[in-house]
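Input: a single structure, listed below in structure tokens.
Naming follows writing order (A, B and C), and every chain is counted from residue 1.
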Amino acid sequence: MPIKYDNVSFTYNDKTPFSYEALSNVNLEIVDGSFTAIVGKTGCGKSTLIQQLNGLLVPTFGEVIVNDYVVSKNRKRRTKKIKELRRLVGIVFQFPEYQLFEETVEKDVAFGPKNFGLNNEEALKNAHEALNLVGLDESFFKRSPFDLSGGERRRVAIAGILALKPNILVLDEPTAGLDPRGAREMMALFKGLHQSGTTVIIVTHDMNIVLEYSDTVIVMEDGEVKEITTPLQLFNQENDRYSLETPLLYKFVKSLSDKGMNLNITMIKDIDSLAKAIAKEKKQ
Amino acid sequence: MQALEVKNLFFSYDGKHDAVNDVSFNVERGKYVSIIGHNGSGKSTLAKLIMGLLAFKKGEVKVFDEVLSNETLHAIRSKIGIVFQNPDNQFIGATVKDDIAFGLENRLVPHEKMEDIIQKFAAKVHMSEFLESEPANLSGGQKQRVAIAGILAMAPDLIILDEATSMLDPKGKREVKETLFAMRQENPNLTILSITHDIEEAAISDEVIVMHQGRVILSGTPKEVFANEDILKNIDLDFPFIQKLKKALKTQGIDVDNLANLGEMAEFLCR
Amino acid sequence: MKGLTLGRYAPFNSFVHRLDPRSKLFILVLMMVAVFYSYQSQVMTFVMGGILFLIIFVILLVSRISLRQLFSSLKALWIMIIILLLINILVPPVNATNIAFSVGSFNVFWESILQSAKIILRLVMMISLTLILTATTKPLDLTYALEWYMYPLKIIKFPTHEIAMTISIALRFIPTLLDETMRIMNAQASRGVDFEHGKIKEKIKAILSLIVPLFMSAFQRSEELANAMEARGYNPRAKRTRYRNLHWSLGDTFALILIMVLTAGVIVTSAMNYNYIEMIFNIPTWVIVL
């Protein structure tokens, strides 16, 4: 399902004294089946950008096209059944564990599918599948979501979106507040989904995640798309243009090249390849 | 002198499973000690036990030689300042000024002295322009800095950070770390106990304590602790970047084991 | 949501803004009393009403409150005003004799119209007074004023401090809670919840999906807050010093005396049945239509 932002601008509280332009002339395409990271300082418009994908927000100017669905202010262009888009594009917001409300875990996860017309039986089936996917087995199904730990509740919340079987999965800081192991398990889950064909879009501050998992990076600043590139190209730039936190790996590479060592950066993507590159240089 | 002495501490939330299981350790005055471990390992529970926010069933806690009990609760709390994880849920005042003042009011600081103290400590955390700001208009990092100002204003001898940067964006994390660094510079006698997930932070601490399932399984200097590769791998904890790099270089035939930090490594490798 | 000001507080620096919230509260009460006083003669009711309205109008202007703000705060009452008018017209007061106009065989009496006008005028003045208070006083300052007035209740062990602290914390969290509500709404909408359309059953589910998370998060929040407060040495029953002190100034004394004189004037006028029109123009009021 291709995604296209066509000259999109978005202003909060338009035409009031509180108006604020969060997005400005955004033009971009997200390739079907890609794993795209959206990065930028807090306040650059990342969250606003993703909310246009399922119609939570409608562009003030321009339109967002997801497959055949058009999100637009223009009544003639806009798709009637925008609700269906919310099933195809599953958005998991930051700290999603705060959205749980049902009596049991399985009921909460089944809530989404039921809203889209599935009957109770089918919804529960999807729910169980999704829960297994996030690593929560049967013993969790009938428990109250409020009895679980923070990490478990987050997984329930994500299962709630996965149960909708979205084609496009959008994640806003999914590892925020998790311990490193939890973060790794979570990213492994998304990697698996990506490999099964889901388009994954992740908004994150964690550059290590960007480096390790994504194939495309969209850099935003002040509501504009500054660059669409690959992780390697992004981190190998001369200066710290976007105030992004460079992964330690590249910080060290930079300190080496500052001291005169010549390293072929495109060959370095993790610690082992770095060691090899250094060894190679030393031998010469 | 020991800032903190924890002896055989036991605590359970539900009466069946021990969240803190026979924990003992000491923190020497002036040291920066990190406690690492997965969520659920008992780290945060430990912090609350030390503050007397939870009552332990067995064991002893001594803060600067004073034993924690119902009678000494107030006195001990006045020696410790704790910064919690959620920036919003510890911001009580309507504005930055009011929040810093909250602690002062509790400790019966005279009204006439308050304004100066507030100005002084707001400046220390670089929040002077935001004194009249409301929390809704502040970032997470800013709110945490206000929390730090609030506790600094009470001149604590021991500061506990309970995952104080977990919920912050990289900028916020950096701001808080810089503030802590400056604090330590100014007052080398200040003892800091930091519960953290940041393995790099642990790597530069004076001491590291590793907790797992309610127990302390490792403690010592970062070098000592992270040398236990098997144990750490078993519980799925990560290693600091420098250590991983040293190991990788060794397999390539380059020995940098005795170098202390990344700066020295870069120097050595580029010679 | 961050641009929203609570209770319509508008940060200007007018004389009224600078008054101590305690005096403003007291003045509000006094003026409410004055507004609701009644007089024997209809004419005097409107004369006094007019005078009071003029005074309130002047205060409104001094407080830099725009007429637009006034109208929007009255908006909610349009319906009530119309209903009032209708009730009084359909059920005329006893002794109604002067017919204003007729609709077919139905008579609309002047008395009805005037009775409605009297009530409406009082309503407008009441709302204006409240608007003046909330537009010129920060909610927290009002809380301090209330706490000050509740102080004597401490004798009967009324938890004045705890209530004031609870209110001030609640106020501080309102923007935070509003933000959280938006976030939960977005999250549930992304799961297919429709907050606008749907059958009753669906709407109830939709509301539950909003309220339950809010409540659960509020509980967790309170626990964390309580821990933080305790850790910082808070003890509601122990003595505490105060950072924010309210400052009574000469302006407050001046304003208070002014309004007390006004209110006294109102009470005396009513009690002594003074009729200013008669007194000033020396015309007996039965000459005027009413």
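The rule we apply is simple: contacts are C-beta pairs under 8 Å (C-beta built on N, C-alpha and C of every residue); 3 or more make two chains touch, one makes a residue touch a chain.
Fair warning: this is a prediction, and the values are worked out from it, not measured in the lab.
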{"item": "Category of the chain touch graph - line, ring, star, complete, other", "value": "complete"}
{"item": "A-C compared against A-B, more contacting pairs", "value": "A-B"}
{"item": "Inter-chain centre distance, chain A versus chain C - centres from mean C-alpha coordinates, in Å", "value": "47"}
{"item": "Where chain A and chain B are represented by their mean Cα positions, the distance between them in whole Å", "value": "30"}
{"item": "Junction residues of chain A - those touching two or more other chains", "value": "none"}
{"item": "Partner chain A, residues of chain C touching it in the complex", "value": "3, 180, 183-184, 186-194, 208-209, 212-213, 216-217"}
{"item": "Parts of chain A lying in touch with chain C, wherever the complex brings them together", "value": "13, 17-18, 51, 54, 56, 83, 86-87, 90-91, 93, 96, 98-101, 111-112, 115-116, 146, 160-161, 164"}
{"item": "Complex contacts: residues of chain B adjacent to chain C", "value": "48, 51, 53, 74, 77-78, 80, 82, 84, 86, 88-94, 97-98, 101-111, 114, 118, 134-137, 150-151, 154"}
{"item": "Of all residues in chain C, those that touch chain B in their complex", "value": "2, 140, 168-169, 171-172, 175-176, 179, 221, 224-225, 227-235, 239-245"}
{"item": "Contacting residues of chain B [partner chain A, same complex]", "value": "38-40, 85, 139, 166-167, 169-171, 197, 199-200, 236-238, 241, 244-245, 248-249, 251-254, 262-263, 265-267, 269-270"}
